[in-house]
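You will see subunit A twice below: alongside subunit B first, and alongside subunit C after that.
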Partner chain A sequence: MFRRGQTATALLFLAPFLITILVFFFYAFARAIYYSFTDYNLFNTPQLIGLKPYLDVLGDSLFRRALANTLVFSIVVTTLQTVGALLMSVALNNKIRGQSFFRSAWYMPSITSSVVMTLIFLWLFQRRGVVNYLITQWLTYQPVILTFLGVMIAAQIVQVLYERSRRLPAKWFDPALAAMSALIALAVTLGLNFLGLVGAREVTPYDFQYFSDSWISLGGVRLLSMPLLVVVIMNTFTTIPGLMLFFLAGLQNIPGSLYEAADIDGATPYQKLMNVTVPMLRPVTFYVVTVSLIGTMQMFDQVAVIGSAAPQETLITLAYYVYTNTFKSGAAPVNMAAAAAIILALIILLMVFIQRRFFVSPEAQ
Partner chain B sequence: MKKTLLVSLAVLASSAAAQTTIKINGYAGQDNTIYPEMINRFVRPQVPGVTVSYQALQGDYNQGLTTLLASGSAGDLFYLPAETLDTYIATGKVLPLTGQVSTAPFLRNLNTTFTRNGKVYAIAKDFNTLSVIYNKDLFDEAKVPYPNNNDTWSSLATKLTNLKRALGSDYYGICLAPDYARMGAFAVGAGWKPFGTNGKTNLLDPAFQAAFNWFTGLTKDKVGIQPSELSQDWSGGCLGTGKVAVAIEGNWITGFLKDNAPNLKYGTALMPKANTTGKRGNFIYTVGWAVNAASKNRAAALKVLNVLTGPQVQQYVLQEGIAIPSRTALSNNAFFKKADPAAQNAAAVFAGASDGNVVPYTFGPKGPDWAKPINTALAAALSGQQTPAAALRRAQQDMTALQSR
Partner chain C sequence: MTSSAVPSPPARSSAAQDQDRWLARRRWARVGWLYLFMLVMSLFFIGPFLLGTISSVKDNPNEYPPRLIIPQLTPRYIGTAYDLGVQGGADGWNGGLLPGRSVTFDVSVRSPQDAPQAPPTASLFPYQPQSLVALARQAQARDYATVRTEQTGGAGDVREYRTTVTYPPLTRRQGEVVRATVGPAGPDLTAILPGGERVRVTLDTPEAQQRQFDLSETQAVELVRAGGTYYLRGPIIQRTPLQVDVQRGQSIVESTLPPSDRQNFDRSFAYRNVTPGIFGYTFNNYRRAFNETTNPQTGQSLFLRWVGNSFLYAFLRVVAAIVFCSLAGYALARLDFPGKTLIFLVAVLFVQMVPGQVNLVSNYVLLRDLGLLNLWGLWLQGLVAAGGVFLMKQFFEGMPRELEESAAIDGAGPFTTFWRVMLPQAVPALISLAITQFGGAWNDFFWPVVLLRENTDFTLTVGLSSFRQAYGGQGDYGLILAGAVLSAIPMIIVFAVFQRYFVDTGSDSAVKG
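So, the complex of A and B:
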């Protein structure tokens, strides 16, 4: 049993953490709940006005857009980054040469500050940015590239069939044959280019505006905006490495005997992944999905950095909605910001609860 | 020893008390270099015993000022942008200046802009209005007459269409940002009022619809083009590229063109007249000097305000080409009669403040959110995603929801 002195010492050591939590979480949370039922605007003395702020928030079309954007973003990114992190960790768990180099290299994006990453992506996806430039180059050299690839595939098929007709065990992706095919394709392409039959063509520069008011719609319902899609790509790219570490740690705990047994049964790598790795990683997956859901539901920094470079409707998320309603010019609808924040918190709680209730295996509990 | 220490401490304390410090919050950028210099040059000699420090707010000025006011650490004097005036008055932190400062020397339109319920809340620092700035070379090359002060919406549109037809696909008639700050001026010319008698905004008013349709209709056949389509973020940038013939901007464009397109030959015309009313529309953009109601040095702050809005400072502002000053007495200044394009632009902008239907550029009690439905509708209609009618219906719904909150 604890002795009195011990409890006091423990509390003393925990005090910095507990006080921070009390002030910056519980006190702030309680204030937010209180403000969400008042007419507070940063300058007045709050008066209780009941549910009106919640009704105002729900009646605001920008809030509904922010909610839709956040949910779509959260679901898409969580799926992409969980699957991506799993595949990446499985790849890095193999004993390959330079394993530690690849582990560090692939972790780099998550060390870089998200503000810097956003600026780099803004630059890549500008109207006259790198992405549009590369697409223009691809369109220009398409005949040459397609000829090269076509000839290479044809040469590979001919070679493999020839080897097999001589009863030699040739695989479709045999590297030695592929090198030969590539050489043949290069020669043919150069020859055709020299004869003037195949060459770069004149195309109008590809001119897509990534940060414009364009949407991917389904049956007339606006699902995902182009600027948000750019943020999805960016967010997935930067968060996969962090989540990959959790999976890597989880992979270390899977007994090697399970894989040996699977090998004896003649399982393919895909079967081993689906029937051994994925089920054994379920507790880690639960953790990763939860962390990812909470992180994506609260996504803010990328949107704030892109700011007015994209139309507000295309990018606004719930966290950004809360921010813009708190920091306005003069008297600001802080009550609406508080109400939106509470709604966001409830949605996250609900999502985690549902996930815990239905999707988690007994090992995780 | 102890005694000398006490005496010197007392001397130090008394000199600190005698020295009043006035803190000013204003814009960053250009103002951050101009104002400290003006304070040194004009305020210091005229207000002895007062130290004045200019503290620029980086980033979004309105957000910064709101945070400072809410936490009680804002300056004794601060810039009060007219567009967000109402939201700041609602905070109760802006001192009414009626009876404290004489408003008589300033343009009446500017005083009205800062007046609410009979009280003046700020003195205009300077101001701007809109004018039509055009690239002379493009009009010459297309053999189309320049825009002039007698143009109507339709005659201007005809000129732009002819120019586009003559110059081909690499050139455009006019640069149109999806922004109430530009389109709204045309609606005002057609007789629309941003706030009705009940304080509500009617975007389905025929005058507003006419201006909206004319403005967004210019994008037909790419006569009008959005700045973003030329990788620019405002129409001044478009004009600077030399590919666009006309921009609707204020006097701030002259400094930009001087630095970024020094060889561009440009002229200025007054805003075109609305077809229906035969009147021009214009906005007055202005920023005022306001006093913090919680300031402990109110008397000193008012003295500094008087110097900063005084004739000497305003003459300096005009001569240096910084802005159009707000004193009536300066309207006959020799600068306005100079022949160079920047001075002519300044004269047109000055004239714009009292020609036709002119209203202050303000957002009302809901702040910048008020303009968002209009801007969204403009973006949707200019990019062709929605018909002007559908875009306006949606905007009116959002406006009603916002104003009934």
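So, the complex of A and C:
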């Protein structure tokens, strides 16, 4: 139609967007690259000093720890999130009454801010906090709970064998029989408890210090610190619901005929999940993994809020490293912060690129 | 039910009937398990927040072992708190102790035969809030009120005692009682009346003169106006902390309010406030979040200020996003111009992939040089969200071409087409966009913590995280949990109202795109 007029209009429409992006993104980006080759410390005039900031950063043991923490965190959380969100969306995709209620309830953690969540988790994971209390309770009632589970499994086995002897095709996880088994186990456990044969036992309160310098190591290499593990749990908890929605939207696009065909072939729920759902969700999975990688690599809020409550080494991430180096009291090594930021950006771009190159299925492109 | 009316079907073998019943039972059981699972998961996902909310009303959220039954949430004690507030200050909601009032507080003490039989000793103790910023010293109940304990009854080992806290007025003049706040320090004690008028306060009794230098600025007081002169009746005391000690071998079995704290092997009970009112009892931590963050220079609540900042920032972000993101999204989706793909790839996709930390230094320096290390700089820095542009582009691409064509036939230019035809169609997408931007701004932490330097400029997230540093780095969890719950409420309301849009936000476009 009016092609020339359109170019002018388009640029006019795009102007606010492009101007802010140019100033606050591209100019900033270029300046960060420039700073990363200078001796800048926020107050002096930058002088080019070549690759020294990068070498300084790579030689900084705190940076290496931050890099390791970030990579471990990103990989662990992305895996947990993707698998968790997928399973949850499959569970929620059942056509049952009250689906929207459950969807809202499950979505709750992702609308609260990371700061609020971190503060609540700090409280839950205190030395004398709710989590340690629950662990103490579990230890106290372990005999009762294990009795219940043991009786339930035994009852289930007996019932399934009995049904099979009646030539009914009972499966090991048959829900109706499991309900019966649970009732039997409850009755037996209550009875044993009443007779005083099984009961709560005395345990000393469990008071593990989560925000301390303790690590999960493998062959002498410190992999994951306890404080970071708490953040892993929290981050998985808060982001699963959001990602779940993507899978849910994807699930709604899978034609039901595929499942019907699988049913006719006698596929188990597990086989249906692995052979129909997962392959059909590959484009969504790609998107979810990308979003999750970008998000987790930049994890900052939780670390900043926990701050001095945990030893710095255990929690520091690249994003936090950049922040602390920019605002270090005295002459801040801003050039090192810039170099670390560039390295962080390169890692993210590389991850997304690799992901796109090797893991994406043809139909997603 | 109609089986008697219709001819019964040919008798099936009992084995087949068994199998039918068995399958039906199995279906029901599966639904049951599914619901159980969904409920457990719901509890799991709401649990931490719910637990935090319940515990935020506790006197001591760090109580161990944690209890789910909390006196602050039982009707009986809420009622008692109301009564005590009425006794102390004629206000069952806010409580406090006013001059000329007295409050009675009952305790039952068990003292077995072989234990000392002396009555408990009751005394008032000072309470000074110590929060983020230096606070003006508040008048303490201990300095003004007296405590008397007498036995009122008893049966067996248990004796009942009544403790009366009396606060005599500092003047004996009669007249109209007015409330005011103490004015700035000077040679004479002055007070500022509610209308803003500053008056001299006359201290006509030795007791009043003794207190002249104890009262700090902004302290709320009661004055008596008689013949154009204002006499000091006494400061309004916000809380009345009472401590009751019993002898070794005795124990406290019952009291008007449950103790906030037990010390000295259960022989020393502290009641943080015996004139609480409902706000002072159940919502004490919430009230503290507002009151104990008062800026001493301005007398303004910092917490309230942070809430205001967060709302302003979120509002500005939403408005900017609606205008600029839809313009840019429309241009990228529907207009034809050279470099369109490049702009999309570089300015939308690439921008979303590069972490914000890269721009930290540069944007900080830029805004510092512009003198914009405040809310406006924060807003300017994130004026147009690339994610929002992406969302709007996806939406406009899905709209039918015919709309624009018919507009063009009617002679509408591109701007009119956009403004009159396309934008009204885009309301659902705009709501989604507004919600994402509101949520993003409300929960934003990284840029605010980088750019906001003054504690009056903080947004709620930054302010809240500074609560954790209070109390020697330990964190005052009563305050933290109350603040956390308060700051989550707006998002929960938005979520409750616009639930549908949350669930749709972006996910569809991402899956289809």
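Definition applied: the second predicted complex is superposed on the first by the 305 of 365 C-alpha atoms of A that agree within 3 Å, B and C clash if a C-alpha of one lies under 4 Å from a C-alpha of the other, contacts with A are read in each partner's own complex, and residues count from 1 in each chain.
Just so it is clear, a contact is a pair of C-beta atoms (placed from the backbone, for glycine too) under 8 Å apart; a residue touches a chain by one contact, two chains touch by 3 or more.
Nothing here was measured: the structure is a model prediction, and the numbers come from that model.
Asker: For A:Pro311, using the defined touch cut-off, is the partner it touches subunit B, subunit C, both, or neither? Pick first, second, both or neither.
Answerer: first
Asker: Check the residue A:Leu42 against both partner chains and state whether it touches subunit B (first), subunit C (second), both, or neither.
Answerer: In the superposition, A:Leu42 touches subunit B and subunit C alike.
Asker: Once the shared chain is lined up, is A:Phe102 touching subunit B (first), subunit C (second), both, or neither of them?
Answerer: Touch partner of A:Phe102: subunit C, not subunit B.
Asker: Which partner, subunit B or subunit C, is in contact with more residues of subunit A?
Answerer: Per-residue touch count on subunit A favours C.
Asker: Does the superposition put A:Phe246 against subunit B (first), subunit C (second), both, or neither?
Answerer: So A:Phe246 only meets subunit C here.
Asker: Looking at the overlay, does A:Asp60 come into contact with subunit B only (first), subunit C only (second), both, or neither?
Answerer: first
Asker: Where does A:Gln126 make contact in the superposed view: on subunit B (first), on subunit C (second), on both, or on neither?
Answerer: both
Asker: Give one of first, second, both or neither to describe whether A:Val352 is in contact with subunit B, with subunit C, with both, or with none.
Answerer: A:Val352: touches subunit C, not subunit B.
Asker: Based on the A-chain superposition described above, do subunit B and subunit C contact any of the same residues on subunit A, and if so which?
Answerer: 42, 126, 128
Asker: Mind listing the subunit B positions that touch subunit A in their complex?
Answerer: Going by the criterion above, the answer is residues 60, 62-63, 65-67, 69-70, 81, 84, 86-93, 228-229, 231, 367-369, 372, 376, 379-380, 383, 385, 397-398, 401-402, 405.
Asker: Which positions of subunit A touch subunit B when the two form their complex?
Answerer: Within the complex, subunit A contacts subunit B at residues 41-43, 56, 59-62, 126-128, 209, 212-213, 311-313, 327-333.
Asker: Using the touch definition up top, name the residues of subunit C that touch subunit A in the complex.
Answerer: Subunit C residues touching subunit A: 15, 18-19, 22, 25-26, 28-35, 37-38, 41-42, 45-46, 48-49, 51-52, 55, 61-62, 64-66, 323-325, 327-328, 330-332, 335-338, 340, 343, 347, 351-366, 380-384, 386, 389, 408, 413-415, 418, 439, 442-443, 445-446, 449-450, 461, 464-465, 467-469, 473, 475, 477, 480-481, 483-484, 487-488, 491-492, 494-495, 499, 502-503, 505, 507-508, 510-511.
Asker: Going by the contact rule set out above, which residues of subunit A touch subunit C in the complex?
Answerer: Against subunit C, the touching part of subunit A is residues 1-3, 5-7, 9-11, 13-14, 16-18, 20-21, 23-25, 27-29, 31-32, 35, 42, 88, 91-92, 94, 96, 98, 100, 102-109, 111-117, 119-124, 126, 128-130, 133, 136, 166-168, 174-179, 205, 237, 241, 245-246, 248-250, 253, 283-284, 287, 294, 297-298, 300-301, 304-305, 307-309, 318-319, 322-323, 326, 334, 337-338, 341-342, 344-345, 348-349, 352.
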